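See the structures that follow.
One chain, chain A, appears in both complexes that follow, with chain B as partner in the first and chain C in the second.
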Partner chain A sequence: MSDATYAFVSLDLPAALAGVLAALTCALLGNFLVLRRQALMGDAISHAVLPGIVVGFLIAGSRATWPIFLGAAGSALVAVMLIEALRRVARVEAGAAMGVGFSILFALGVLLIEQASARGVDLDAGCVLYGQLEYVNWYPVHDWGRFWTLEHITTGYQTATTTISPDTGLPILIKEGGLPRQLWMLAAVAIAAFTFVGVFYKELRLTTFDPALATALGFRAGLMHAMLMVLVASATVAAFEAVGSILVIAMLIVPAAAARVCTDRYAVQLLASLAFALAAGVLGYIAGAFAPAWVGFEGRALNVAGTMTLVAAVLLTGAIFLAPAHGVLWRGVRRRRLALSVAVEDVLAALYRGDESGDPSRVADLPASALTLKALSVLNARGEIGRAPGGGWRLHEPGRRRAASIVRRHRLWESWLVDEMGLRPDHVHETAERLEHLTSDAGALEPDLPPRALDPHQRPIPPDDDA
Partner chain B sequence: MSTPASITDAGIDWPTLGELAHTLTFTAGFNAAVVVASASLLGVAAGIVGAFALLRKRALMGDALAHATLPGIAAAFITAALLGGQGRRLEVLLLGAAVSGVLGVLCVQLIVRHTRLREDAAIGIVLSCFFGLGVVLLSAIQSMSVGDQGGLASFIYGQTAAMLPRDAVLTGVVALLALIAAALLIKEFTLVCFNDEFASVQGWPVARIDVLMMALVVVVTVAGLQAVGLLLIVALLIIPPAAARFWTDRVRTLVILSAILGGLSAYMGATASALLPRLPAGAVIVLTAGVVFAFSMLAAPARGLVAVGVRRVRLSARISRDHALRELVVREKTEASAITPAALASEIGLSPPAGRWLAYRLTRVGLVEREGVGLSLTDRGRTLGRRIDRNHGLWQRYLIDQADVAPSHVDLSADLVEHVLSPEMVERLEAKLTHAGGGAPA
Partner chain C sequence: MTTLPTHRRPSERDLSARPEHSPDSPLSVHALTVAYRRKPVLWDIEYEAPIGRLVAIVGPNGAGKTTLIRTCLGLIRPAAGRVEFWGQPYRRVRTRVGYVPQRESVDWDFPVSALDVAAMGRYAKIGWCRPVTRSHKAAAMHALGRVGMDRFATRQISQLSGGQQQRVFLARALAQEADMYFMDEPLAGVDAATERAIIEILRELRGEGKTVIVVHHDIQTVPEYFDDALLLNMRVVAAGPVSEVFTKQNLQATYGGRLTLLADAAEALARAGRGEIP
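Presenting the complex of A and B:
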């Protein structure tokens, strides 16, 4: 194995893997938080675990996994119960209850850390926020033959020997062994989260979208909620040491929100959020660890948890604009198209009425907007209208047919509104003006009406060409 | 210390009473006085502004805003450093913080307006993404070789100890301005919080007042960055008004009380942090506010848990008294023998011990007397019992005659309502039923 490969396998691979695992787990669980409108619960929990982490750390006296995990899970539980109790028993408004609960616990954690660090304990508040991915290392054996054996991957540090480097003559510490414990921790929580969602797929869906129906059917909505909270807390704790709580909060919300913007379907929502999380993890790691070197900052790196968050933010922004059904961009395009087609119909109708009254200049009544000009040029290009000899515009035959059908729709609606709805004739024009654009075939109105050739304003209703 | 694992052997040098008195009265030297005074002003301003934010259900908007200030701080530092100025000038950093904080709030509103995401998700998105950007910029600053960057991280957790006197004065002045502005606008804010639709019908520019309110949240947040830290400043905006809410239902009182509680928490927290080592001011201020909150939650007479609990116990005691008396009155008409407390309890749906306790209470207040093992009514008890029975009957008749409730269903509804009938209501019921021709049972 070359040195570059070895550096990649021992430093980048486990760190990137930790980030991606944390992102996937949080994104999966985050779907339910976002859909249940409890997106900020993840934020609250990840702040509130701080005192538990410190207490676990102080009791164990080291970064041992279990005491910290139990401490954090305990304070997450306290936080969730506290917030619920504030909301239900003390009747504090939901947002304020969350704010009160998590900020008090977080302040307690900050105070404890400050007290502990004065005694030389190796824990600072910063590492909880940013994580310490640089400590997630793996020192595999150099021998490819033994590299892929299960025993090699699973067992901890097997050897730590010092040899003299042949190149520099300096001693090097060689550590060899299995994957770092932070990864195992993340993998365990990831498996738990995916199993949970897999097993309770239906129940989660029902309790998320219709908790009242779920309870009526005998599903335990409260139990689902509690299990979800426990898993969110576990993910927070497993991830905090490696990637920090800021990535946890981001991944609990952003990928799920991006998926929410893209789809209405439950299964697609889950899969899309995972895809977003995976992309954010991989691209974010590249952006943080490798990209600075590419743009000339050799040997520098950015905070990887931060860059993963930023990539997720970029993906979300993209989704908000480009999502097929709900994207802001497409909505804008659709709106413009609709506006243009309305303008085109208005131009045709105005020309038709102008011909009718023998005053072709009626087109001048139209608003002199860019939209009207665009509509005129579109119609001209289609050959539906053309320049009139004395200036202005006149209808060509295809245009006349379409215009007649629009005016027919308008006048039929006016007749219907007067005859059937009992509106006064001078009150119906505005409504008919809107309805004429939305009705494909106004002929369906005819059977309701007495046979007639004139609208309420005594103008002829153009006959139906197709009939 | 030999055993660093325990946190109880803190080994704190406790300050003398004299030192405490000096710090509390702002006479312990200029630095301490300025820090404590500006923190207190900040607490008062946050209390007022937070009260309105709470009433507008924007409590957590402040959290998004506070987190969103980090990239602004870092960007301001980088810009100032690149332009050759001194990066860590508080005004520059706070300006950057304000700009990116406002951007964050705008993003929340854009997301809510133009996408299908709800406000909670929007707040979470802005909070985490802006903070992530800030973290990346901070790590970029670390790898820049610019001096004097140590103070930047102190904005996250807050550090009064790192405050220079002039920074503290700046914080105090900004807080004071926010305070004055909020005090001047109190009528407009109250109106909008109380009923925004009414306010806009009356011709008030509700949207502009809302923007002003949000701007004051920004000012308070930015002012508090250095003292309390961006992670905890939101607590100062939320906890005092939430605590004040237990004491009152009136907007004006709520705002004033919230200002007092906020100022008090900040004052005591900053004092403690100035006197004792290793007590980060932000955390101590928030925990002090937390204690105030817990006290209000328990002890406040209006909505406090103890008061609500006592009222609930009293009501249920009164209900079981009414049921017992009515049962005894009805029984007197038909049966000659007295009823035992246990039997009475089972008649009105109580457990035997509760029945014995009820019998004891009623005997003590002279409504019921012992007759061997049984109970019988005293004259006072009989009068009261008849009245209760009459109320019950009146309400039953009203439900049948006027509300078309089926006779088989009225007993339960009547049971629930009869206890809260006031004498005037009984009179009106009587008048109404007599008029309608339905006689009330005597």
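Presenting the complex of A and C:
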């Protein structure tokens, strides 16, 4: 194994893996917070676990997994109860209750850390916020054959031997051993979260959409919610040491929100949020670890949790603009298309009415806008209209048929508005002008109307060609 | 139909004097009191629902109509009293009792289709942790068809009109194939076509011998649509066949002085009595 490969495998791979695992877990769970409109709950829990983490750390005297985990779970529980109590007893609005609850607990945690570090304990608030991915290292043995034993993968640092480098002749320290503890924790929580969502797939859908019916049917919504909160707290704890709570908060909300603008399907929502999280994790790691060197800052790296969060934000922005169903861009395109089709129909109708009144210049009544010009050129290209000998435009046969059907719709709507809605004939043109574009055929109206040849203004209703 | 005298308001401790509830009754509510923060919302409710009838629960805002339904379904813990379905506690008969909550109680932006929502009615039959199989989807589809919504099965629910959403909710309850139903304001804010469709379904359910208990806001249509009425204002003012309990006196006792529609209701009742309304 070359030195570059070894550096990648021992430093970059575990760190990137930790970031991606944290992102995937949080994104999956975040779907249910976002869909419940409780996105702030993730924020609250991930801050509120801090005092529990510190107490666990102080009791155990090390960053051992279980005391910290139990401490965090305990303070997550306290947070949920405190928020609920604020909401019920003090009658504070839910968002405000969460804000108050988590800031109190986070402040308590910060004070505890301060006291602890005064006594020489190695823990600081910065590490909680940004994580310490640089400590998520893995030193596999150089001989691959020897490494693939379970013992090597699962246990911590195995050996540290000194050897003389053949290149430089200097002694180097070789650490060999298993995957870092942080990765195991993240993997365990990831498996728990995916199992939870897989097993309770339909129960989560029901309790999230309609908790009252769920509870009435025996699927206790409160229980599901509590389990979800425990998993969110676990994900926070597993992630905090490696990637920090900023990434946790971002990943609980951003991928799910991005997925929400892309789809209206529950399954697709879950999968899309995972895809966004994966992309944010991988691209974010590349942006943080490698990109600075590419642009000339050799030997510099950015905080990877920060770059992952920023990449997620960029992806969300992209989704808001480009999403197929609800994206701003496509909505704009659709609106333009609709405006053009309305303009096209207006041009056809104006030419038809011009023919009817023997005054072809009626097209001049249309707004002299870019849209009208575009409509004229579209119709011209399709051969529905053409240049009239004396200037202006005239209808060709396919255009005349379509124009007749539009005018027919317009006049039927006018008749309906006068007969059925009791409006005055001079009040109905504007409304009919809008309705004629919304109905593809006037067939739906006809059962309500007696057959007739003239509209309320005594103008002939063109016959239905298809009939 | 009911064994309870319609105007009786039993004194709180006089429980022994009350009639025994029949185990056949789809719903019997016994001495039920519900309070929010020590403030009573329902006080000493005594009610026995008849079999195979359409029952309207009517009363002013804050009368405890929704609370009564939610308590029956075990969603609110009562301060005192007992609710039984066919002589058994609710948790034993969950699958036999259908529930249509108020339409505003859920987030219609949720990413599911009309078919997904209808299929939720099958979940209790499916049980924990098992997938929604094709036969359950077919049953949900059939329920959508009964309310005329099968064409919109794949439509995301926010893209349905209010009336269509209400029909999807009804289809979800039908998919459950329950023996009795609670519906919370299913006719609130729906178009005329949906109202007709829902009433049609209610009559079909009655034809199958099922009892449907409906919170209804429009007292004018009660005589036309329902067989029985439960007049509620924290206490049961009156319960029984509409023709007996829908009197001016009872309505006034239920709504107090606030009832401006009283005259209309009395007129509607009179017309119903003359057989002008089917």
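Please note the rule applied: the second predicted complex is superposed on the first by the 449 of 467 C-alpha atoms of A that agree within 3 Å, B and C clash if a C-alpha of one lies under 4 Å from a C-alpha of the other, contacts with A are read in each partner's own complex, and residues count from 1 in each chain.
Here is the rule we go by: contacts are C-beta pairs under 8 Å (C-beta built on N, C-alpha and C of every residue); 3 or more make two chains touch, one makes a residue touch a chain.
What you are looking at is a predicted structure, and each value in this text was computed from that prediction instead of being measured.
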Inset, instruction - In the superposition on chain A, see if there is space for chain B and chain C together, and answer fit or clash. - result: clash
Inset, instruction - Give one of first, second, both or neither to describe whether A:R260 is in contact with chain B, with chain C, with both, or with none. - result: both
Inset, instruction - Name the contact category of A:V328: first (chain B only), second (chain C only), both, or neither. - result: first
Inset, instruction - For A:S103, select first, second, both or neither according to whether it touches chain B, chain C, the two together, or no partner. - result: first
Inset, instruction - Could you say whether A:R37 touches chain B, chain C, both of them, or neither, answering first, second, both or neither? - result: both
Inset, instruction - Answer with first, second, both or neither: which of chain B and chain C does A:S415 touch in the superposed model? - result: neither
Inset, instruction - Spot which of chain B and chain C makes contact with more residues of chain A, would you? - result: B
Inset, instruction - Figure out whether A:Q182 sits in contact with chain B (first) or chain C (second), or with both, or with neither. - result: neither
Legend entry - chain B versus chain C as contact partner of A:F200, first or second or both or neither: second
Inset, instruction - Identify the partner contact of A:S273: answer first if only chain B is touched, second if only chain C is, both if each is, neither if none is. - result: neither
Inset, instruction - Figure out whether A:S234 sits in contact with chain B (first) or chain C (second), or with both, or with neither. - result: neither
Inset, instruction - With chain C in view, single out which of the stretches 58-66, 400-408 or 418-426 of chain B clashes with it after superposition. - result: 400-408
Legend entry - Overlapping contact positions on chain A, where the chain C interface meets the chain B interface: 37, 260
Inset, instruction - Would you tell me which residues of chain B are touching chain A in their complex? - result: 1, 4-7, 10, 54, 57-60, 63, 111, 114-118, 120-121, 123-125, 127-129, 131-136, 138-140, 143, 153, 156-157, 231-232, 234-235, 237-239, 241-242, 245-246, 277-280, 282-284, 286-287, 290, 293, 297, 303, 305
Inset, instruction - Please name which positions on chain C make contact with chain A in the complex. - result: 70, 73-75, 91, 94-95, 97, 99, 101, 105-107, 110-113, 116-117, 120, 123-124, 126, 128-129, 131-132, 156, 158, 172
Inset, instruction - Flag every residue of chain A that touches chain C in the complex, lowest number first. - result: 35, 37, 199-203, 205-206, 208-210, 212-213, 215-219, 260, 263-266, 268-269
Legend entry - List of chain A residues in touch with chain B within their complex: 34, 37-40, 42-43, 47, 58-59, 61, 86, 89-93, 95-100, 103-104, 106-108, 110-112, 114-116, 118-121, 125-126, 129-130, 246-247, 249-250, 252-254, 256-257, 260-261, 288, 292, 297, 300-303, 305-310, 312-313, 316, 320, 326, 328
